[in-house]
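The structures come next, written out as structure tokens.
Next, two complexes with chain A in common: one pairs it with chain B, the other with chain C.
The block that comes next holds the complex of A and B.
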């Protein structure tokens, strides 16, 4: 038998593994969880090997797959996140109500993403897209809330239907389902282009959790089982980035829409639909940042930060230039590994303490120092501070915004960037630093199998922050493969038209600075170690650590400034209210047992029939 | 970039670092003296800051655990790294690679290290101080970056040494203070915020939260934080001089600009009271951000100041 490695083989294998995981979990819970580890790691290895196969088409029954540069890029990020997170499944088996179903759905979600990213035609894309939605919809209620799943499904269904409409519209117009050729043709037809842009765009924006579709994200991420939150934030959400990439880059939006629009004597820097996308991104950044700052739940905070980061991704993609798309793709990568690591650190904390409420925690650095370091590295990357991967992507995005003079969108992005210092610091301060609560005095460090993926993700953040060009070369290939300008990379330097940085050099100089600081520190007399409760308290006598821990309402003065601002949730609640009112009216009018109403309808029907026959 | 350039650049960076230490620490002492004269006091000797730093470094202090120490090293390391990138007159360690974002984000490494160490001490006053410092940062950084955006868009480069060089082509007329007066005003207000001068002194507020982040420090840790303070003043003032006052070509020009900006900021501080933290945010999100956007629109749409 000719055994050749191909995408369809990987997908079929993952599908088989998901069934196997279900069966084995029934026998032994740990064994089933190990299947998810092995299967996702094996799939990652195979996809990495498949880089040479880009461009080839393979079939699996009626499903067709073509591996593209961008599909490969997204798949590898996704698989890396899945593979790292799967280690946590082992520890969560006793905590879940249906461990067998969880393991199966976990692998099915992975199959779904892989299939969607390597789909050749829209039907395959849609089938696998739905697989992602359904698999994750059933996993989310394993956590804290069933309602979260309903919200998630309501949004996803809207996105899927919108995409389906777009797919059928394009089929009607061009008579083909093939993604690349249809999107290329659509670029030449303004109506088709705008329909594809809006319908597929909505599906992408919903998955990414961009304003105004962001409210499902904190609910789903915050309530999903702890090992699945990093999958949602680091992995599945990025599928939305994939959909957005399809409509702005694979369908060349600059060709499809006119840029020849003058505004106050200055030509617009990008087409109007792209502008709309970028504005939504800017609003998401501001809304996500403000909401993240005011959260007390560790996981909800990271979830809202994903909303803000989705904003950067969408702005970068909307600009559709060489540097900006590169920045967006790099941000997808950097944020995937950083937010997965942050969520995993949160999961480790939950595993040991059983709570995600930040004001109940504190001082865990003295008990879980490695988890602290993982979280620290993750937030440095999320805040866009060197020497982490997140800095590179933010620099690229800011540099391209400055180059185009997009003052208002950039102001929102700057706000989000500085605002991220606030929200990422809050868990650091409230959960890990400060006073150790008495009830957590005997908490242990996370078990080694949990540490392993967390350390791996942290190393990735650091390594690709110091040597980003390893990833950027691949990203550059992705860009040229869809006809965008590539990136200018020179050794360790990244060169933009209006500035350059050398990340490796920054790290060398920072390292030198740190070395000098360390020498100064070690050169002078050793400090006397004092217990944590030995504090300056302005002559108050306080003996309970909880009273000396500043964690509740951390940013209260800042929050007060926007407490009364209108919330998107109110808008949706109003819509829900109106729909249910309409339903109530319909049921009152049509499904009534009141004799008067029944008589009225009988009379109307009779009159209509008579009237019809007379005319 | 080959090894030779890296080595020479690093050497230049180290020289700039040493210069920054002596220059800014002396100047801080001199400014203390000037401020004292305004208060009708005699004031300390001009080298008092040196005395303070070295005294603290040699004292035996306390430590609240490893993050308390590590944070201080990370903070000083980050700030010294940032200072090494700063162009002084025509001397720049890595011309072209001293991107403006390095000063914003590498500086943030230092700030994060300090915040980490301060909260790691376990004192709630430190936590409150850090919360205020971060909140204030949201205030001043956004208007400042919008002005920088206008500047980068206008001059087509984000390298600080190149931005300074652009302004040196035809004397005073090419300085950004002349070409972008609104932006310079915003920049100066933001500089006051960065320096933590009154009215933006909320996060230190000695009488209210016992010096905020610094509450638990003593001994060499406090000495290192004083060093850090001098370096961060050097970075902030130099950035203003390079971005708005056309850098400097001669030693005299450099001294006049730098001393002028720093002494002015210190004197303004003496005349004002302290804002509450929500007042800081409200203030920055009223006038400075509006003026910054106006400046950006003037540059982008009218092409003035390019």
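The block that comes next holds the complex of A and C.
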């Protein structure tokens, strides 16, 4: 066997590691969890070293892999998230119902993503894509909801089977499964292009969690076992970004579809299908933001924020320009890190307190200051505030939206940014600020092995916010490798059509401002503390003080504005009911315990088939 | 010389039939005779597969076809025979005490099912169908299912009658009852006159659809299978489904010359079956009901593939379905027997107690819904590629949409059976119900064994492009004409 470092070696190694993890967990749970840590870290190192192998093709049985720039980029992000999160597996072993299966499926999900990102032909891509789905669909029900997994599978299957239809349609047309060549050929053929765009696009949208396919995200991410939520939100949804990247940049859609379209007397700047994607992204931002604001469970809240961020990513990808794609890819990176860190902080809180309900927590900053800091940095990045990495990507996206003159989509994006201040602040103030509940008086800080990955991720958010060009140079390479224009970077500056920013300078000024504010704070008198749960209402005893906790219905006046609005969930629930009703009807009408019914149906159908031609 | 006798496919029918007659007289050892027949058949089938060199035609009674009855052993029937006999032996192994006094009937059923797969003569097929059906009417009445067996009897008799009517018309038109002879005659006349075949084909299709469980003809299935034990369930869903659908495929390949209208009508029935049965399975909460509707839907899919001439993918899908359903129905039947219920809500977390069984069940389900790295994926890809190559772009769409529905209800089953707790509670071993599940070790071992086979077939690319059909048609025609 050839042991040269290659993608197939990493994938084969991960397959072996997953089986090993299962076996070792049966012997000793902690040991099995350590296998996942070591395996993901090793895979990350190997993938980093494989940057030089970009372009070569390797085989594993009948599967074919080739590492592209964009595949490498996505793989490294995914591996970084998996490696950091794997430390938490060690602590969750006693809490899980099937620890051995969890460890095995964890590594299988990782294998799936790596295989999908380095696939050379569509069949390999599909096989590993489905591997991701079935590995994670077994893990999600280990948490709080079994229905969430069914919803997750139904949506994911709809996406992947839609992609399969597209793959087979293209195979029938062009006789090949090889990704880059088939997509380029499809760009030249209008029917093939639209089929490829729609089918693969649907798969990408569903996996990313863009409206109208977003409802599985809060259910799955919110209810999955705590160490797996960051994987789902920070890692696996990015596979959707990968699929969208394929159709938008690799195909590419601006070559496949006409850009010479007039609408209301103005020239459109993008092909119509790309516009459709951008509009869906814009709606996603608005829906995600509004739903996040009204959440009471902070995992669901972060999940809805993932929906909103998926909107940003898809808008950036749809615009398919140099700066916009760069912004989207940077956003994928920044959001993966920030969302993983936020969910990990949530997991640390759950590990120590046992709950995720915001109105039962409070004041944890006193007991878990480092976790607070991790969470703070993560949400600052998600909201797009300097000096974190999330700001850079949002700036790039805003620049490109304004540069293209897409005012309404930009309005939605700005709304999302402002709304994100609202929803990121709520969990912070409800969980960490405020007053410490008496039952959490002796809660300890998260254990060191948990702190290690959380600190790593926070450092990444900060460092790549201050020196983003380290990542942007790689992203620029990714873009030029698929034929898009690269980014204009000078030293620490990023240059766009409307201006330039120098993040390092911004951070320095920001730091100065922070210093001034700190001095002012220290000089002025302190506020007076009032006990939080010590409420009174005209001498009546309060049985449910948590309803009067300030974290409950935090944004009630704002929420009332859209409380009565229709929810997408209702639509899907109706569809499910209708299918059930159809089935119940068929079962009643055709399947009876009396012979007469069947005989009647036989007679009717036979007469119908003969159609009067013979009789 | 002895080996030559053992290589004769007639033994697959003759041995069980002979032992069945003996069992009537030697009632005390009827179960032993059943075991001997099952093992002998399985071994014989495997032997036939090992020494297979090309199509074999066995003339019964020395009469050359088309004057006499012939048994045809080509790759198509070879797969059927191997899978059927091995599955029958495994069904028997796992049902143990359930056989009770039905050993004779099961022997007759075994003989008849082999006959259905092997025969090359239309009327012989009718005879074997009737024998198999009668055996089924009797053993489905096990566990006091009298009303449902009666329903099955009435409907099944109608079906056989329609089939008989159809072949009478065919005999009238072609003067022959041999399937391959009719095919030769049809090829000789080109494609003309397909309209005259409309009535006989509709009769034959309807008649077989009753037994093959297509909608709306298969209305007997719910009654017979919804409370069936693991022996009856697997016999109908695996054994009978395999034999009857292979017969349907054989007929569609040889005798069916359809006009466009007839093809559309049959497609409508098959697609209707697929859609309605998947929806029905989706709406149910009892494990056996879900599985029986899933079988109906898969039967619809297989018939659809046969209709469009995609024989190889259809056989792959059929074998995948039959093997998976064997595991699933056995587990469902045994769980229902042990726990007095097959409502999924009552079975929360049952696989935590019997993990081997759970793994086998899970792998069988994943193969059934066609997830990659399992055999079902290979079958599904072949089927879809075949449909696209046949120029059809809407059928794959329908199949894939129904695959989402199918996946949804199977994943519902899997996640419920592996985890505990209500919605909103973390799944944990603390709130596991106390299930009384003893004696499932054997089932566990067999299911895991089959799971390993499924995974191996899914990973090794052996079956990806293999051409199953190398029937040398001209050679057979020459053999055929020798009888004239």
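By our rule, the second predicted complex is superposed on the first by the 559 of 615 C-alpha atoms of A that agree within 3 Å, B and C clash if a C-alpha of one lies under 4 Å from a C-alpha of the other, contacts with A are read in each partner's own complex, and residues count from 1 in each chain.
In the analysis below, a contact is a pair of C-beta atoms (placed from the backbone, for glycine too) under 8 Å apart; a residue touches a chain by one contact, two chains touch by 3 or more.
Everything quoted here is computed from the prediction, not taken from an experiment.
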First, second, both or neither for A:448, with chain B first and chain C second: neither
Partner chain in contact with A:599 - chain B first, chain C second, else both or neither: second
Which of chain B and chain C A:586 touches, first, second, both or neither: second
Which superposed partner A:188 touches (first chain B, second chain C, both, neither): neither
Partner chain in contact with A:609 - chain B first, chain C second, else both or neither: second
Residue contacts on chain A - larger count, chain B or chain C: B
Touched partner set for A:171, first chain B, second chain C, both or neither: second
Of chain A, residues touching chain B in the complex: 264-266, 363, 365-366, 369, 372, 376, 380, 383-386, 391, 394-395, 398-399, 401-405, 407-408, 410-411, 414-415, 418-419, 421-422, 425, 428-429, 433-435, 491-493, 496-502, 505-506, 508-518, 520-521, 524-530, 532-538, 548-551, 554-555, 557-558, 560-561
List of chain B residues in touch with chain A within their complex: 1, 6, 9-10, 13-14, 57-67, 69, 72-82, 84-85, 93-94, 96-97, 99-102, 105-106, 108-109, 111-112, 115-116, 119-125, 127-128, 130-132, 134-135, 137-138, 141-142, 145-146, 148-150, 152-153, 156-159, 210, 215-216, 219-221, 223-224, 227, 276-278, 281-282, 289, 293, 296-297, 299-301
In the complex, chain C residues that touch chain A: 147-148, 150-151, 154-155, 158-159, 162, 195, 198-199, 202-203, 205-206, 210, 215-223, 261-262, 265-266, 269, 276-284, 293, 349, 352, 366, 371-373, 377, 381, 384-385, 388-389, 393, 396-397, 400-401, 403-405, 407-408, 411-412, 414-416, 418-421, 423-429, 459-461, 464
Residues on chain A engaged by chain C in the complex (per definition of touch): 61-62, 95, 97-98, 123, 126-128, 130-131, 134, 137-138, 140-147, 149-150, 153-154, 157-158, 161-162, 164-165, 168-169, 171-172, 225, 579-584, 586-587, 589-595, 597-599, 601-602, 605-606, 608-611, 613-614
